[in-house]
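By letter and in written order, the chains are A, B, C and D; residue numbering begins at 1 in each of them.
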């Protein structure tokens, strides 16, 4: 077991070192690259913590989507970087801030180390009720059955965030196309990558959704990979983003939450409570919700990265 | 066997992490991105080794996801890297 | 038979780990961006390839083995394309030191 | 000292590091980055709590793990909104920082 412990120690030290670098780096672009590496390493930590579902989410969203979002932003903000760096606070303030943060970290560490033993857990309850849902993955059970309300509201949060991003567009561009127009160049390896990767990526995304019922995976991870493939094709200029005022686009965006909500309401007459599933139909209902959710999540995540409309809508 | 695989995973992790020193010294952003790319491939190898060592077969799926995401992030990096089509670049 | 397979796994995984070491050393020691890229691709192709080869006897069933091979093939294709992209950026920015 | 404790210490340190970055970096983009580090530290602590709750044949308590998945998605949504706000600020004013002193009159920036 000493080998396992050594592995974990190495991993923890590397994660902390990369995190420290992203804070200390002087160049913002370099710091963002550090953050992408940090996301990859964090996925390893989650595997070591026996949480492969979280590892998948972290790899796809924490490292991939957030990293790309920040990479695009830092490229556009490059002109303003030098001016901003000049406003770094003095050594005294940094020392005070560092001391305060160290105290907070130490207090957190102490409180985690002093947690009651044996630890309180809901694992037995989650495992005991899993057969009723027909699922094999307890995480999917928690997300879509036991705590389905959280998941439903999280979808609403995603939609609200997207509305917030869209409403940052100037009035004349409202309802227009997000992002700048890109032209595909035939000899660009990026175009080749954008033709090569999506077919594989889409299969992997659908695979993660499909196995999510019984093994690690699910709507979030699958949706995130689908969104990444869409963004890749967008970056290479192979496709263009649709105007955000398109009705079919709006329908895809709200389809997931609406279907989820409708099935939840149907729980009142059929199973006696909001978001309760009739026992015999629990698994098919959950799978229907997951499939529609995956589409909506992919569309929302992709449009969040694409940003607010920057080109005027085409004449109707 | 499991112990050997875990040790190999630790070794690979340690080596590619040493490569991260390239993120520190650069000098160009391309060099930094190369270190991240090496970390991505190394991370995939570590995940595959972990999957075999601990019997957690889902780690292979994580490796698959990591492979897609690493290529995706590299593409975004190339789009954002400083270059002649970027007026605000000071050539390094 | 199983001993022979075990020895095969140990050898292949060790060789793969060696190529990761070689790639890292190259990344740290080579003088310019393009030679460093060359070192990096060795780790991508051979390092991961040998690790996958060594893990094949341990895979659970043909499907598990297929998945390992798919991961490697995918990294090969994506790695080759990404190397092209990185090389172009290196060229665009100019030789760095 | 078990591996779980190791990651608990790491998570706490990440929270401290992230908080420090949020405080001292003048650039909002760096603040967003640091905030993501802070968040991932908190998620790691959740992961440690989940791992401690291993029982009933499960390697970890699935409830905190599911909450972390929800948290990662919400953190991404918040990051996207923050980045969009920052880009808009840059577009309007030509700068990517928020004034710390009394704000200049609207539109007075060159």
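Worth pointing out:
Basically, a contact is a pair of C-beta atoms (placed from the backbone, for glycine too) under 8 Å apart; a residue touches a chain by one contact, two chains touch by 3 or more.
Keep in mind it's a predicted model, so treat the numbers as computed, not measured.
Chains A-D form the pair joined by the most contacting C-beta pairs. The centroid of the Cα atoms in subunit A and the matching centroid in subunit B are 19 Å apart.
One simple way to say how far apart two chains are is to compare their mean CA positions; for subunit A and subunit C this gives 28 Å.
Separating the centre of subunit C from that of subunit D, both taken as means of CA atoms, is a distance of 32 Å. Within subunit C, contacts with two or more other chains are made by residues 74, 78, 81-82, 85, 88. For subunit B, the set of residues touching two or more other chains reads 26, 29, 33, 35, 64, 68, 70-71, 75, 78, 81-82.
Listed for subunit A are residues 4, 48, 50, 74, 190, 193, 197, 200, each touching two or more other chains. Of all possible chain pairings, those that touch are A-B, A-C, A-D, B-C.
Considering their complex, residues 189-190, 192-193, 196-197, 200 of subunit A touch subunit C. Those residues of subunit C lying in contact with subunit B across their complex are 6, 9-10, 13-14, 16-17, 20-21, 23-24, 27-28, 33, 36-37, 40, 43-44, 47-48, 51-52, 55, 58-60, 64, 67-68, 70-71, 74-75, 78-79, 81-82, 85-86, 88-90, 92-94, 96-97. Only residues 3-4, 6-7, 10-11, 14, 17-18, 21, 27, 29-30, 33-34, 36-37, 40-41, 43-44, 47-48, 50, 52, 55-56, 59-60, 63-64, 67-68, 71-72, 74-75, 78-79, 190, 193-194, 197, 200-201, 204, 207-208, 211, 215-217, 221, 225, 228-229, 231-232, 235-236 of subunit A touch subunit B when the two sit together in their complex. Residues of subunit B touching subunit A in their complex: 3, 6-7, 9-10, 13-14, 17, 20, 23-24, 26, 29, 32-33, 35-36, 39-40, 43, 46-47, 50, 56, 58-59, 61-62, 64-66, 68-73, 75-82, 86, 88-89. Of all the residues in subunit B, the ones that touch subunit C in their complex are 1, 4-5, 8, 11-12, 15-16, 18-19, 21-22, 26-31, 33-35, 37-38, 41-42, 44-45, 48-49, 52, 57, 60, 63-64, 67-68, 70-71, 74-75, 78, 81-84, 91-92.
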